[in-house]
Every structure is written in C-alpha cells, then in structure tokens.
Amino acid sequence: MDYFVELFFSGLTRGSIYALIALGYTMVYGIIGLINFAHGEIYMIGAFTALIVSTVLSIFGFPLPAIIILTALAAAIWASAYGYTVEKLAYRPLRNAPRLSPLISAIGMSMFLQNYVLLAQTPDFLPFPALIPDFDFMEPYAGFIGSSDMVILVTTTVIMILLTLLIKFTRTGKAMRATAQDRKMAMLVGINVDHVISVTFIIGSALAAIGGMLIASHIGQINFYIGFIAGIKAFTAAVLGGIGSIPGAVLGSFILGLTESFATGYVSSDYEDVFAFSLLVLILIFRPSGLLGKATIEKV
Amino acid sequence: MNLSAKLTVFFAAAILALTMAIPAMAGNDTIKIGVAGAHSGDLASYGLPTVKAAELVAADINAAGGINGKKVELLVEDDVCKPEVATNTATKLVSEGVNVVIGHICSGATKAALPIYRDANVIVMSPSATNPALTQSGDYPNFYRTIASDDAQARTEVDFAINGLGAKKIAVIHDKGDYGKGLAEFARKFIDESGKAKVVLFEGITPGAVDYSAIVQKIKRSGADAVIFGGYHPEASKIVTQMRKKRMKTVFISDDGVKDDTFIKVAGKYAEGVYATGPADVTANPVTREYREKYKKAYGDEPGAFFDNAVAAALALTNAIAKAGSTDPAAIARVLHTEDVATPFGMIHFDEHGDATGVGFTMYVVKDGKYVQVR
Amino acid sequence: MLELRKVSTYYGNIQALHDIDLKVEEGEIITLIGANGAGKSTTLMSISGIVPPKRGEILFRGRPIHELSADRIVALGICQVPEGRHIFPDLTVAENLDMGAFLRRDRRGIARDLDYVYTLFPILRKRRNQPGGNLSGGEQQMLAISRALMARPRLLLLDEPSMGLAPLVTRQIFEIIRQINREQNTTIFLVEQNANLALKVADRGYVLETGRITIHDRAGALRANRDVQKAYLGI
Amino acid sequence: MISLKDIGKACIIALWFVALTFPLMVIKVNPIDRIIIWRWHNMLWVGLGSFLCYLAGRAWLMRREIRLRRIRQGLEAELPQRTPLSRRIIQDPVIHRPLLAAGALFFLIFPLLFSTYQTNIMITALMYVVLGLGLNIVVGVAGLLDLGYVAFYAVGAYAYALLNLHFGLGFWTVLPIGGLLAATFGILLGFPVLRLRGDYLAIVTLGFGEIIRLILENWNEFSHGPSGISNIPRPGFFGIQMSLDHSITYLYYLMIAMVVFTIFVVNRLQNSRIGRAWFALREDEIACQAMGIDKTRTKLTAFALGAFWAGMVGVIFAAKTTFVNPASFTFLESAIILCIVVLGGMGSIVGVIIAALVLILLPEYLRAFSEYRMLVFGAVLVIMMVFRPQGIIANIRKTYRIGID
C-alpha cells in the first residue's frame, strides 16, 4: 500500500509538471489551432532565466524569499516576452496560410531557440540551485513526498484555479473563449483578435516558465534540451485530455503522469514511454478527440 | 544565342567551375592523422579534448622536425557522435588519404565508421570508445584503443560491490544508451556468475525525463544494498539526489561517465559517498603532468574528458609510425603490438585484440566534494 | 452615412468586387440582392474590415474606415450579423449576448438593451442558460440579431437572415428587422437572396452581378423592373 | 526612402531585442563557483543586428508598398501576373529540356568529377530525395500530416540488418522485402488512426515513431538494443569483391537509378486516378466521400505507398552505413524529411528534389560553421514559411482544358 501511495504521489508530481506546460499548448491550440512546437523551448528559456536571475541575486546577497519571488517574476516576464515575440515573428504572418506552414515554422522556431540557448549559454548541464528548502514539517513524510514535490503540487493547483477564474470571469477570458470558438465572429463583435492571441501566448509562456523554474529546482539541473522532451510529453498530455480544453489538459497531464509512474513501478521503466504513447494511441482510437475534447461535427 | 543555349553554356560553365574548385590533392610529404569525434553539439565536451591533445602532440613533433623528416598534419572532422555522420566523416578522411586516425569518440559512431577504415586499410585508435565488441569480436583488426573496455569496468564495479562492500542485493540501472546499457548487461552477468549476490532489479530509465521518483521508489522497494548505474552524470545526479531526498542510504556505484567533476558540482552535498570507476590516477606520471601543463598553458583551463587517453593514442600512433619507418599499416601494427611506448598511463603496448595493456580502472569515491581513489 | 467608392476586393489573386459604388443614408433600410457568389457577403466583409478592400475607399459618416481593423470598425457602430449566424456554440445564450456588448462599459445601458432584446425575442429569455449551439436555426438567427443589437449599432449589416429558415420564421424575423429600424432608428444594410422579401422591407435596393453593381433604385421601382423580376423575383 | 519614423521604430525594436536577449546573451553564470560573467559586447551586437535587419526589411517592403499604393490609387495599372522564373523553367520545354539534360549529365558523371567523400555525401542527399518524395505522397499529395515517417525508414533498415544477420539474405532480396514490410506497417498503423483529424493524426504518428524507436532500443533479444547491429554487407554486384571507392560509386549509381525510378512512379501516381483522389482528399474530404471516393482505402494507399519508399531507403541506409542503431531514427529525422517536403512545395516533385539537395548538402558544406548550422537551419525554416510558404517551387497540377473559351 505504501508503495502504491509513493508511486501515486510521484505520478502526481510528474502530472502537475506536465500540466503547467500542457496548458500553454492547449490554450494556443484552442485559439489558433496551432501545435506550438516552440512551447517546450519557452519552458526551457524560463528555466534558464530563472537560473541566471537566481544566481545573480544570491551572489548579490538577497534573502531566499526575495530570490524566489523575483526569480519567478523574471522567468515569467522573459518567457512571456519570448512567447510574444515568437508569435509575432513566426506565427502571425502565417495567420491565413495553409495549415502546415505555421507548424513547420514552429518546428523551425523550436530548433532555432534550442541552438540559440546552446550557443549563448552552454551545451553542458548546469546545476540549478535548490530554491525550495526542505521544510521541517514535511520531514515525517520525506519518504513519500518531498518538499519540492509538495510545492509543485500546490503551485500547480493554485495556478489552475486562477487560470480557470480568469477564463471564466474576466473580459480577457471571455474574449479568449470567443476567439477560440469563432475567430471571425469574435472580430465582428469588436474583439481585437491579434491582441487576444498575444495575451494567450503571454499567459501560456508565463505558466511554462513557472513550471520550468519549479522543475529545475526540483531536479537540480538544466540544459538546452530539456524543453524538447518535456514539451513532447506535455503535448501528449494535452492531446490525451482533448486539445483545446483546459480541464482536459490538466486531466490528461495527471493521467499521463500516473500512468508513467505506475508503469515504472509495477511493470518496467524500460517501456515507460511506450506505455505513455500507447495510451495516447488507444484513447485517440476510441475517443478521437481526447477525453474531454468536443467531438467536432464536420459541417456538410 | 537563344535562352536554351545560354542555359546549357551556363550549366557547362558551372560544372567546370565546380571541378576546378576541388582542391588539388596535397603532396605526399606529410603524415596525415585524422582526428574524428563529436566537435559540436551536446557531446562536444567529450570530443574536443581529443582534438586539443592531438594538436599538442603534433605541435611537439613538428617542432622537433617531424617524424622521419615528415611533418604531421591533422585532419579534424566532426561526426557529432552520430553513426550516419560518422560514415561520411570516415569516407572523407579516407578519401583525403589519412595514414592513421585518432577517434572516434562514441562507440556507436566508431562501429559505423570502422568498416570503412578497415576496407581502406587505415589504422584507427580511439581514446574513448569502450564497447567490448569493438576489439573482442575480431571484426576490426585495424582498431586499437587506449581505454579499457566496458566489461573491465563492469568487473571493477561488481568486484567492488560484492567483495569491497559485501553487497548481497544489487539493483542495476542504466540509461538505455549504448554505453550505459552495455555496462549494465555486463554487470548483471558478472553478478550472476559470482553467485555471491543477486540482481534484484534490472531496469532502464529514460534520459531527460522530468522526474525519477518512481524508479527511486522501485529501488527502495527492491531492498537493494547497492545500486550499480550505467550511464552519464546528468541522470546519475538526478537519481542520487532523489534517493537521498527520500532518505535512502543505498550505496550508489557508477561508471566513468559519472566520474566527472560536473557530477559533484550538480549533485552537491548529495554526491558525498558516491562511488565511480575511472581510469587509474595517473597524475604522478611525468608524461601526464607534462601534457596537462602544456594544455593549461595553451588554453588556460583544465583538460576535459579523455584527454589523457587521447594523448596516449597520439603518442602511441606517432611512435609506431616513427619506429616502423613508414606509414605502411602492417608495419605500424607490428610496432603497436610489440613495442612499449611511454604514455600518460605508463609504458603500454597493445594486445592481440588491440586493447592497450596496463590501462585499467580503479574505484573512486566522493569525499568532501572531490573524487578520491579508494584504497 | 456609409459610402463605398470604387471598392475592389480580392481573395488572393481572384477579384471578387469590381469598383463598387454604394451609399446608405441615415435611418433607411437598403438591400443588396444578387445571385449566389455575386459578392454580396464579400461586400459586407469589406465594410467590416474582415477582408479589407485592395482599392477604393469606404467612408462612414465622412470618415475613411477601409484601413481600420475589424474591432475599430465595430467600435464606430457598424455591426454585422454574418451569414450562417456564427453563434459561439459553447457559450450560453446570455453569454453570447454579453459578447455582443463586448466593447461597451455602461452596465446600466447593457441591462436595458438586454431587456429590449428579450422583449423582441421572448424565446431567448427562456433559453438564456442553454449553450448557443443547442438552439434551432430560427432561434440562432434571433440570437445573432440580438447579439448585434447589444452593441447598439448605428448601422446593422445583415447577411442572409432568411437562410435555412421556415417561411413563417422568416416573416417574423423580417417583421422584427423593420421594428428595429423604426424603434431604434438603426440604419439597416440587408443582404438577401430572397429578393422578394428584401425588396418589400427595404427603402432602396442594389443589384449585384458577378462583383459589379448593375442596377440601383427605389425598392418599389426595382420590384417593377422587368429584368429584376425575371432574374430575381421569379415572375 | 527610409524616414525618420522608421529609424525610430528600428530603435525601439533594437531595444526590445536587447532587453529580450539580455539575460541569456549578456549574463553567464556559474552557480557553483558563484561567478557572473558579463558579456556586454553581445548587447551591442544584438542591438545593432536587429536595428539593421529591421531597416533592411523595411526598405525591401517599402518598394512593394509604394507600388501597392499606386495601384490602389489607380495611378498604375496592375502589373500582369508575372510567371516566376522557376515556373517558366519547368513549363517551357525549350528551357527545361537542355537544363534537364545538363542536370542528368552532371549527376551521371558526378563520381568521376568528385572525390569519394563528395559522392558519399551525394548518396545521402539522394536518399533524402527519395524519402522526401515518399513523404510527399502522404503529406503533400494526400494532406495527411505524418510526424513519424522515420519509423518506416527504421523498419526498412532493421529489416535488412536482421534478415541478413539471421538468414543471410542479401541486399537485393531484402530491398523489396523492406519496402513491403514498411508498407505493411503503414497499413497496420493506418487502419486504426486514419479516421483521426489532422492534428491528432500528427501526434499519433509521432507517438508511433517513438514507440518503434523505443522498442528497438529496449528489446535487446530482437534488435540488439542501443548498441545496434554492425557489419551489414554493402550491396553486392554479382558477387564481385569491390574496394570502398568502387562500392560507393556503385551505391551512387544504384541510388540514382532509385531516384529516377521513384520520380517515374510518383509522377505516374500523381496523375493517375488514385493521385487525383489524393489531391481531392487533401482539398475536401466530405466532397470526396460524396463523390464516392473510398476515403479509408485512398488514405491507406497513400500511407502504404509513402511507407514503401521509406522502407526501401531504409534498406539502402543500412547497406550504406553498414551499421544501424536506434539513435539514427529520432524525431528530428522525421522533422527534417517533413521540412524537405514543405520547403520544396507540397506536392511538387521538382521542389522536393531541390529542397532535399539543398537541406542535406548545405549543412555538409557549412561544416566550418557547424556550431551555427542548426541555428541557421531553424531560422531558414521560419523565414521560408513567412516569406515563401508555397515552397521553393509551387506545385502545379496538370490542367485539363475544355473546349469552351
């Protein structure tokens, strides 16, 4: 039983990490129907910015709480700026192009950003300072769940709730939903669609950056390539839950995280990814639009 | 002249220009040593020290007038550690008429490139390709190396775990890679053969995954006294960190890919007490000292991975060419097998398989943030 | 109020509109009739800024708007009910109406207008918590018109409001269109394939053929025109 | 021509990029030794670079805009649609025949002109030409986004490696077997997933590609795991022993024959009944079904035929490198092949050939800049999509003229 609980928490941690990244994918897909391949790279850039800022601040002697807050802010701001710029340079000019063009552009952007970080920083792994201390009150549970796992879970939950509220109740959220459902009509009721799309990229990128910072601190190291693998997994999670659906992305992420964790624990980690992808294929075959995705009825 | 005629002429001219552009083959008055390996991309840090080593050795020889009056010329080619690129690299080196090659760096790339060298009758010496089959299969008589093979390393690890630490239950973990998995397979075999301990877990992890706590839980549940990990330091540090964070005291034994200062830097306090095999400490050897100092003087920092092995390869090859008095592969091979040469690892020659004698592994442990040799 | 001067619009390399000249006066209902593919919807899309014209000018109350973005044009008071209604399927009826008032900030005015559209179409009040996608075609048309009204438009562009609706519902909708024009003093630009019906409610009409305006006249005169009768009125 | 306003805008953009790249370009930290390296000069380069790039782009756009404005005001008659040079070359037999002849001659005598190394590189490029043409059937012609194409390539390569290892089958025997095996895999995968919508199809194929690679990596007993299979024989020629040079030249001509064969088949396919069905399917699925085209069968054929070429090239790949391991079949490979198709212009055979040659040869010759190779590669993809999304050569369908007008 203990073992089950341990695996369960390990799956939850994984799931919440995927969720933070998957949200960006799903929001962007929902609004412009694009698989934003460069999203994983934004996550990676967020982690790198966090590393640089936190190191500089700690060298300048800032106290830990200040470092955490400022680092999170800086990572979110810069990642958002990258997300915004990427959208403007690589996707906006292709708004009316055939479907595949923006996808190729995204793949190109992903390669570009990876190598940009590789050249500007380093190809090697860099140690990431543990921003989250080991809490004393967590000590009795340390065998099950670490302090940083706990922080990741809590942060993800809070962010999820905030995001849901934002989308449900604010003017921007409404504009996002309207744009996602019918872009032309959104324009006709006076929504500045370009603006909404930019905001979507900014929010998605900020979430990914927070995720990047949390995971980097949890795992303790980063390099330029972390975005690719995490990105593919998060994207799988988003599709699993029904891409375009925000609760779907969260659900898909947790299912994927738990599947991987239990597959490792009870079967073998050799085929961890095979399980993940097989699950995806199976679900899509039986529910072609993901778990919570809406089956689109093609109009004849 | 109509358009079609113009185009024909244009095309003919283009072909002519391209033909002219091919550099005239250089004369045969130099000894060409190919240096192949990953010089860009994420594995560059394993390949670049070899280039530097070859450059230093070549500079020395040329300063002293060359080998038998001929200057040494280095042909440096990048293979980014990819097999398909390595074949191109090898073909390029062969077509440029190399006499011998130092490289490749990764076992996979080496394996792909070797048949090309074999067919062209070129001697290859790798400072870092540790796959046992490269020498032991007998498929590549032209291949030599200045590093011990994985099975030797696995044997050191297993012996240490069983006899040194008295481990009874051992978990063998690997990163699914060529190097790590090969090592783990050997470790499993040796543990089974020893009869003194049991493999309680044998599994691969996915490099680059966001979290390894599930596998760590599994190790914990298996009740292993020791973990033998085959792979590189990024994954090792993640696993060790998560094990220690879960308050597990299981001994962690790993390989040369982990015996890297970056591992200690990344894993920090959690690295304490981790064992890793590595080439025997040769800092006392005068040749080692000489070249490390030269490196520091030329580049200002510490030499990286496989630098000593690369120096050994460069010295062994150039020595063999000098002693053989020609670049005839058979003559060079004869010298390599029979005559000792002074290298950072002491006096070495090569056995019938092409493995260097006297290059072995010893066990290190992290103590106070440093790798120290286990006595 | 609205004036199109030599407007030409393209889809890629294909020219859809050729030098359209057209005028809408304050408070009137004008209609644009024509066959399928004549460019009627394109004309509206050009006015709304969704497919901006490549040449020519569009003036609204004397001010050029052909280079403005779609949302700015809506802000000036030009609202369109597009062909096919384009209800936001996952938003409820109330939310759809709310989206119509996206650019407005006066809560009280919005509440008043909401009341007004609910009295125009009582069925919408009943269905206000249902997703827009679940409504019937006629109800969706009512919702689409109501949503546009929520923006308090000065000029309402209606694209094929009768499409796919039962004759009874169509008549009801046209009744309401006239009522809106009267009560709210909203200028209405009606694009319609059902020329008969359109010319009955309109003050003036234009006939569009393959991207060119061929005839324009008072609605009554058009209905009397032999060519129009033959081509569009089925007489 | 460039106004003060533009310069102001350029300054703002330069500032934006300086701020954007500030942490990554300027600061470099060593978190262990707690050292910060400030690289202020990078800031200057970024600023200057983006400033000049913007102005250059602006000046280039200006010319177009001025013309557009004149057209808008009716001052200038619209220019007649100019046929681009590339299209003129393809369409006009007077131009393309000698060009084709010259090209054919060039490729025929290539190994005589260039070194073995160059020939070797060219073989790789030609392999990608065939891969591109194969994927072109799936993505370009039938419009099915396949991100796991490399799986079929792997199937072919491993088919040769394993059949040779266990049963000693030769290259020529396995070449068709590899192709057919890959096609079978294509059908097996196709059956369940082809009813998925575009993007779901993309992700499932990506997952499939990964699954194949992971199985090859983990199933040691079957595939020898990550260490791969070595000593795969090169293609034989009536049992004659060949030197390396000769066998590479031989492989080159074999590859040329393969390319010609592929072009011939693909060209015939595209203009056949099924080819028209593919194009139609790409444009409008529902209309196709309404016209009685069997959607599933048509898609499956596209999938299977695309996979078939990948399988054959896989066999050649194994024979060329004489070594296979799973590391050669990563997602990046699929991405590169996809880029070839898209850059070439979807559905255009000539475009795919040119794109494959450019994309594969250019990085080989830009080895000196190898560090920047992938960076430039990525940037080129984006720039191409933004400025010339239809690819190097836009696809021209055969037009059928009917008597009227």
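Residue numbering begins at 1 within each chain, and the chains themselves are lettered A, B, C and D in the order written.
Heads up, the rule we're going with is that contacts are C-beta pairs under 8 Å (C-beta built on N, C-alpha and C of every residue); 3 or more make two chains touch, one makes a residue touch a chain.
Note that the structure is a prediction, hence the values are computed from the model and not measured.
Asker: Which other chains touch subunit A while also touching subunit B?
Answerer: Looking at subunit B and subunit A together, the chains touching each of them are D.
Asker: Count the C-beta pairs in contact for every pair of chains, then give the pair with the highest total.
Answerer: More C-beta pairs are in contact between A-D than between any other chains.
Asker: Compare the CA centroid of subunit C with every other chain's and tell me the farthest one.
Answerer: The chain farthest from subunit C, judged by C-alpha centres, is B.
Asker: Cα centroid separation between subunit B and subunit D, in whole Å?
Answerer: The computed centroid separation for subunit B versus subunit D comes out at 33 Å.
Asker: With chain centres taken as the means of their Cα atoms, state the distance from subunit A to subunit C in Å.
Answerer: Taking the mean C-alpha position of each chain, the two centres sit 42 Å apart.
Asker: Could you please state the distance in Å, as a whole number, between where the Cα atoms of subunit A are centred and where those of subunit D are centred?
Answerer: One centre to the other, that is 29 Å.
Asker: For subunit B versus subunit C, what separation do you get between their C-alpha means, in angstrom?
Answerer: 74
Asker: Which subunit A residues touch at least two other chains?
Answerer: 126-127, 270, 273 - these are the residues of subunit A that touch more than one other chain.
Asker: Of all residues in subunit B, which are in touch with two or more distinct other chains?
Answerer: 176, 204, 265 - these are the residues of subunit B that touch more than one other chain.
Asker: By residue number and range, which residues of subunit D touch two or more other chains?
Answerer: 32, 218, 371
Asker: Give the list of subunit B residues in touch with subunit A in this complex.
Answerer: 41-42, 44-45, 176, 203-206, 208-211, 213-215, 217-218, 220-221, 233-234, 237-238, 241-242, 245-247, 262, 265-268
Asker: In their shared complex, at which residues does subunit A touch subunit D?
Answerer: Of all residues in subunit A, those touching subunit D are 29, 33, 35, 45, 48-49, 51-53, 55-56, 58-59, 74, 78, 81-82, 85, 89-90, 93-94, 97-105, 107-117, 119-122, 126-129, 232, 235-236, 239, 243, 270-271, 273-274, 277-278, 280-281, 284-285, 288-290, 296, 298, 300.
Asker: In the complex formed with subunit A, which residues of subunit D make contact?
Answerer: It comes out as residues 16, 19-21, 23-25, 27-32, 34, 36, 42, 139, 145, 192-193, 195-200, 202-204, 206-208, 210-211, 214-215, 218, 285-286, 331, 335, 338-339, 342-343, 346, 371-372, 374-375, 377-382, 384-386, 389.
Asker: How about subunit C: which of its residues touch subunit A in the complex?
Answerer: Touch residues, subunit C against subunit A: 48-50, 69-71, 74-75, 79-80, 82, 86-91, 95, 98-100, 102-103, 147, 151.
Asker: Can you list the subunit A residues touching subunit B in their complex?
Answerer: My answer: residues 3, 6-7, 9-11, 13-14, 17-18, 118, 123-127, 134, 142-143, 146, 149, 215, 218-221, 223-226, 228-230, 233, 260-262, 264-265, 268-270, 272-273.
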